[in-house]
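Right after this note come the structures.
Look for subunit A in each of the two complexes below; its partner is subunit B in the first and subunit C in the second.
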Partner chain A sequence: MGGYVAKRIGQALLVIWLAYTLVFLAVQALPNDPVTIFLNSDSAADPATIAQMKEYYGYDQPLVIQYFTQLLGLLRGDLGYSLSSGSDVTTRIGEVVGSTLVLAGSAFAAAVVLALALTAAATLARGAKLRSALLNLPPLMVSIPVFWLGLVLLQLLAVQLGVMSLFPDDSFMSLAVPIFVLAVHLSAPIAQVLIKSVQEVNAQPFIDVLRAKGASESWIFYRHTLKNAAPAALSIAGITIGTLLAGSVITETVFARAGLGQLILQSVTVQDIPLVQGLVLLTAVVFTAVNLVVDLVHPQLDPRIITARAGSPRALSA
Partner chain B sequence: MRNSHLSLKVTALLAVLGLSLTACGTNNSAAPAADAAQNSGAPVEGGTFTYAEVTPINNWQTQAARFYEKANVLNSVLDRLTYFDAESGKLVGWIAKDFTANKDQTEFTFTIRDGVTFSDGSKLDAQAVKLNLDALGLGIKDAQIAPNVDFGAYKSAEVIGKDKVKVTLKRADANFLRSTSSVAAGLVSPKTLKLDNAGQSAISKIVGSGPFVFESEKPDEEVVFTSRDDYAWAPETAANQGDAYLDKLVIKYLPEVASRAGAAQSGQVDLVRGLQPVDEQVLSANGGQVFAAQGVDLTTNQAAVRIGSGKLADVKVRQALQVGIDRQAIKDTVLSDSYVLAGSILNHKAPGFVDLSADLAYNPEKAKQLLDEAGWKPGADGIREKDGKKLELTVSTSNNSVVIKPAFELIEQQWRELGVKLVNRAADNTFLANALVDDKIEFFGTRQFAYGGLGPVYAPANNTQTLNADEQLNKLFTKEQAATSEAEHLKLVGEEQRALVLDKALTLVLWDEVQVYGGSKNAHVEFTSGTAPIFQGAWKAEG
Partner chain C sequence: MSIVADRVDAETAAAQAPADSDGERRAPALLRWAARWWVLVPLAILLAWALAPALFTGQDPITGVPADKFSAPSGAHLFGTDHLGRDVFTRVVYGTRQTLLTAGLACLVGSVVGTLLGLLAGIAGRFADTAAMRFVDIILAVPGFLIALILVTATQPGPLSLGLGVGIASIAAFARLVRTEVLRVRSRDFVQAALMSGGGYFTVLRRHILPHVIGPVLSLIAVDLGAAILAISGLGFLGFGSPPPTPEWGLLISEGRQYLSVAWWLTTLPGLVIVAAVMLTAALGRGVNKAFRF
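Moving on, here comes the complex of A and B:
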């Protein structure tokens, strides 16, 4: 177990370092340095000013030096200077990260609950028609664009009925509605995979044995099926972090909320490359961290992952 | 298969439901239209005015206020030396109660108004003005603040006597006075000028002498300002010479364009910028108001021409494209009545505007003839060719304007009939980052602040419009900036427009710059020549 954990953590660090390097190289591939791009965003900039700012921010240094200076800064938690806001990238991200954590965290929790509820309902519901309707919900939910659902709810609740504000105002509705919008989209793939996996588990012989022993359907579902079906859904949940981030860009824009998604959009719009760099790196770290957690939780649910050697008959084909 | 049918039906049902909900917005409010605001009466004192900008702002540094989202707010926080009164077309006194220029347009003297203070209590006197002018003209090196581009000719300023400041320029600039009216030339407390870059960029630390004072902010969500009770130095022509009628001004953000009409309609904001043409009727039909603020201080919306790819090197091709645009069709299709079609590169109300609309009239036959004469002959696919090259042109713009992309989509169709292919990369900021400095991308769609002559926009060799310094034009700009009388100056500004639009056709002009705002039924507000709302004179009717 210890070796597995160390290996996974090492891999995660490697991924983050590679992501940093890739982003750094991608920035170099741009036709100009970040200062020139930023200053030229809508009107001509004075070459003397550009030169002076380049010097101040170190963009006039040789690449290797820039690479290691930035990497060193990174280790100290210094992500450089956001050109568009006149403050550190870290400060800028710090201002809004809380808002996104609340939104994304709650939306994720809500999505998991929603996916579990859907799966339970779709599996346990009496009547083929109802079950089939429920089974069709996840594809429908993933097909509804986040912005569309958000706009329709805003139009209905904020403009027509006047029961919520178009702006975040710390009220229950102004947080619950964006969470709901994001959760609907997010829960769909989790529910889809969970349902599929439950169906597969249900087709296995040991379920018939349980039934033959007189176990009730719900007891089988909660005590046996779900536990066996969970690992697949967990993997998907780890991947949905990307969807979560993309979704928060849209949700935060539609609901005029401060947050990382909104910040990503802004920084790309105004071509604030250091800020974009910081945000991409942060995304890579979050992505890697979540998947690391998933990797570490996985063996708890399914010990075969660690005990089985690769190639042995007990190893999971996945 | 049965399942997918069912899900299709449910999706369709939901889609219809959603659309009908959205459609409700257009007809369920029976309130009588915008009249509420017209039967104005006397301004009402007090109240909180909520204004929604399109995108959050983080850098509030004065010189960086060349973007609407900053200028629109700072206009009510920072005063300037002079004010451009769009109605009379004259520059009038503000913090400078009087201003004069020498005949050569190289020396300017401002007489500073008595009794003006910054919100921190310090005096806005001649010395404070001098420090501000130095910062604007020379930049602040320690704080990485670049000089204001309109102050390119600035050399120095000195305090004369008790209340006068004399500015000396390196070269003549007949547009210098007008550029002191720009929000980007706003005056801040000398203490603010001493802050580092982060300090001067933070709205909480910027101290001005304007009618509104910073109270609090939530990053990326809102900024709250309170009215300054002792404000008594509005521009000479302002209707309200005292402090603002409003108690509070709240700035919020609505990045989602689809929410803006609804926000004004429901009264959740009193004013919102960036209304789409399609929402204008919806809003006024539902009791809201539509304000079209004309950008007198800006060039028209245009496609600036770059000749680096060689395809537009021949002036005939550029002139062909100029008359190959059906501007009226653009207005009828993608714009609205709030938009005025361009008659030149300057706004209709700008001093020195010359009406070239007769020469800009849509004339596809002439366009084809000019293209033929230039040697571009239709190829097999209908696109013109010359020396094996196709007449395929690319346009790049930022996403700042809500109408620029559809406008170029229409031009793309119009040009297709002439045998010209337009690659439309409008509203793609990532593409623009490279295209802006690439003279092989033929068009840059934009509009720029132009306080008088067009020199600051088109003269520098690295100007982002044409990316090219045209010798003849530059001579004309220099001559215009050195004009010794107003009549001569206006005449030369007229010559610049003719040269840019017709003789050289280095800019394809489209429509006058306008910012369309949505207002709630109770909002009363007017706008500056730079399209900024004047919150000092704004008020809200009761009810």
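Moving on, here comes the complex of A and C:
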């Protein structure tokens, strides 16, 4: 177990370092340096200003020095300076991250509950017609664009019924509706994996034995099937980070909320490359950390993973 | 993001397939064929919208009739008209080309590079496998949405950088799928038999392994096209696609957003077309998956 943990942590660090290197190389491969791109985004800038700013932010240093300075900064949690505001990238992210965490965190919790409810309903509902209708719900939810669902709900609730305002205030609805929109989007993949996993577990002989012994369907589902099916759903938790991020950006735009999404949009619009770079690295770190936690928790839920698969569960399940 | 979800969806369908085929066996062959491939008809209509939009609507997508502005959906204007009196249905039809071209580019990049990478990982030995899979891990660690945004930041917003960005993000799904399939098929008895009876490395690869990989890849291409349409319309909605006068599905909805309180049809109806297109490609993916199962 100790060796497994060490190996997984090492792999996670490797992925983060490689992601940093790749982003660094990608920035170098651009036709111009970040300062020139930033200053030229409106009109051609004065070469003296460009040179001065390049010196100030350290973009005139040799590449190797830039690479290691930025890497050292990253280790200390310093992501460099945002070109559009002159303040730290970390400060700018820190200002808005709270609002996004509230939205994304609640949406994730709501999505898990929604996915569980959908799976339970699709497995236990009486009548084959109803069950197959419920089974078709997750594929439909995957196909609905987040921004469209948000706009339709805004139209319905704010314009037609007048129960919420078009712009964010501190009311319950103006937080609940964005959370719902994001949760619907997020719960679809979780529900799909969970339903598939439940079907696989239900095909196993021990379920027949339980049924033969007289256990009720809901007892089997909650006490036996779900317990065996949950680890599969856990394994896509990491993937939902990406969905959550993209979903937050769009949800925040639709509902005019401040947050990480708005910051990403601004930084892209004004071509503030250090800020974008910082945001990408932050996401990569969060993604890798979540996956690491999933990989470490997985064996606790399903001990077969370590004994049967000798080491990396990912290598075989991939 | 939803690429993964759709792939799971395709797999779910595959798991349910045995139950379905019992019912299908009793139906006549033609009905069975129709039940599986009916999705091709609406998809063909979408393709026709992209290729020859003028056949489906007599109105102009760029210049409108100001007198007709904000008229609700009716026989003359199926999806109503916008703030300049432009027919929204016409703009959706004309927008199909832009959306499908960008999504097609993304799909092409993702499937070709991803398949090559997956093949490399599956057949070229342990070192290549590790290297390719670490690369895939990195792509997975940065959400596809951000990859697209980086490209848009570094270059200029537009269909080309958008398609490339979304395509790069979908490389990972293809690489993983192809690698898994190759590893699965490689260990089967018939491949061992082919190698034992003197088949060369590349002959066995071409005649025995690749045919088994094609089905899942084609299925994923269909599903990925839907995911790309979704991602691209989302980015188009945020304003990173083509500039405003061009009709594009995401941009159409973004424009309609300003008139949410006066004209519901500007956002609702084009959105339904996106939902329909994505669901159709997912259904096509399921159909292809079933058809190629051995």
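General remarks:
One rule holds in what follows: the second predicted complex is superposed on the first by the 308 of 318 C-alpha atoms of A that agree within 3 Å, B and C clash if a C-alpha of one lies under 4 Å from a C-alpha of the other, contacts with A are read in each partner's own complex, and residues count from 1 in each chain.
Following the convention adopted for this analysis, a residue touches a chain if its C-beta (ideal position, glycine included) is under 8 Å from a C-beta of that chain, and two chains touch if they have at least 3 such contacts.
Computed from a predicted structure; not experimentally measured.
Superposition note: with subunit A as the common reference, subunit B and subunit C are in steric clash. When the shared chain is aligned, no partner comes close enough to touch A:R8: not subunit B, not subunit C. Look at A:H298: by the touch rule set out above, it reaches neither subunit B nor subunit C. Residue contacts after overlaying the shared chain place A:L245 against subunit C, while subunit B stays out of touching range. Of the two partner chains placed by superposition, subunit B and subunit C are both touched by A:V152.
In the superposed model, A:E95 lies in contact with subunit B only, and not with subunit C.
In the superposition on chain A, A:T253 makes contact with both subunit B and subunit C. Of the two partner chains placed around the shared chain by superposition, subunit B is the only one that A:G162 touches, whereas subunit C remains out of contact. After overlaying the two complexes on the shared chain, residue contacts for A:L22 are found with subunit C alone; subunit B is out of touch.
Residue overlap on subunit A between its contacts with subunit B in one complex and with subunit C in the other: 30, 37, 139-140, 143-144, 147-148, 151-152, 154-155, 158-159, 166, 253-254, 265, 268-269, 271. Per the touch definition, subunit A reaches subunit B in the complex via residues 30-32, 36-37, 39-47, 49, 52-53, 56, 82, 84-87, 92, 95-96, 132-133, 135-136, 139-140, 143-144, 147-148, 151-152, 154-156, 158-160, 162, 165-168, 253-254, 256-259, 262-263, 265-266, 268-271.
Residues of subunit A that touch subunit C in their complex: 14-16, 18-19, 22-23, 26-27, 30, 37, 138-140, 142-148, 151-152, 154-155, 158-159, 166, 188-189, 192-193, 195-196, 199-200, 236, 239, 241-243, 245-246, 249-250, 253-254, 264-265, 267-269, 271, 273, 276, 279-280, 283-284, 287-288, 315, 318. By the touch criterion stated above, subunit B contacts subunit A in their complex at residues 2-3, 6-7, 10-11, 14, 18, 21-22, 24-25, 28, 55-56, 58-59, 61, 66-67, 139, 141, 144, 146-147, 149, 197-198, 200-202, 218-222, 252-256, 258-259, 262-263, 265-266, 268-269, 398-400, 429-430, 433-434, 436-438, 446, 448, 460, 462-465.
Interface residues of subunit C, counted against subunit A in their complex, comprise 1-2, 4-6, 8-9, 11-12, 15-16, 133-134, 137-138, 140-146, 149-150, 152-154, 176, 179-180, 226, 230-231, 233-234, 237-240, 250, 253-254, 256-257, 260-261, 264, 267-268, 271, 274-275, 278-279, 282.
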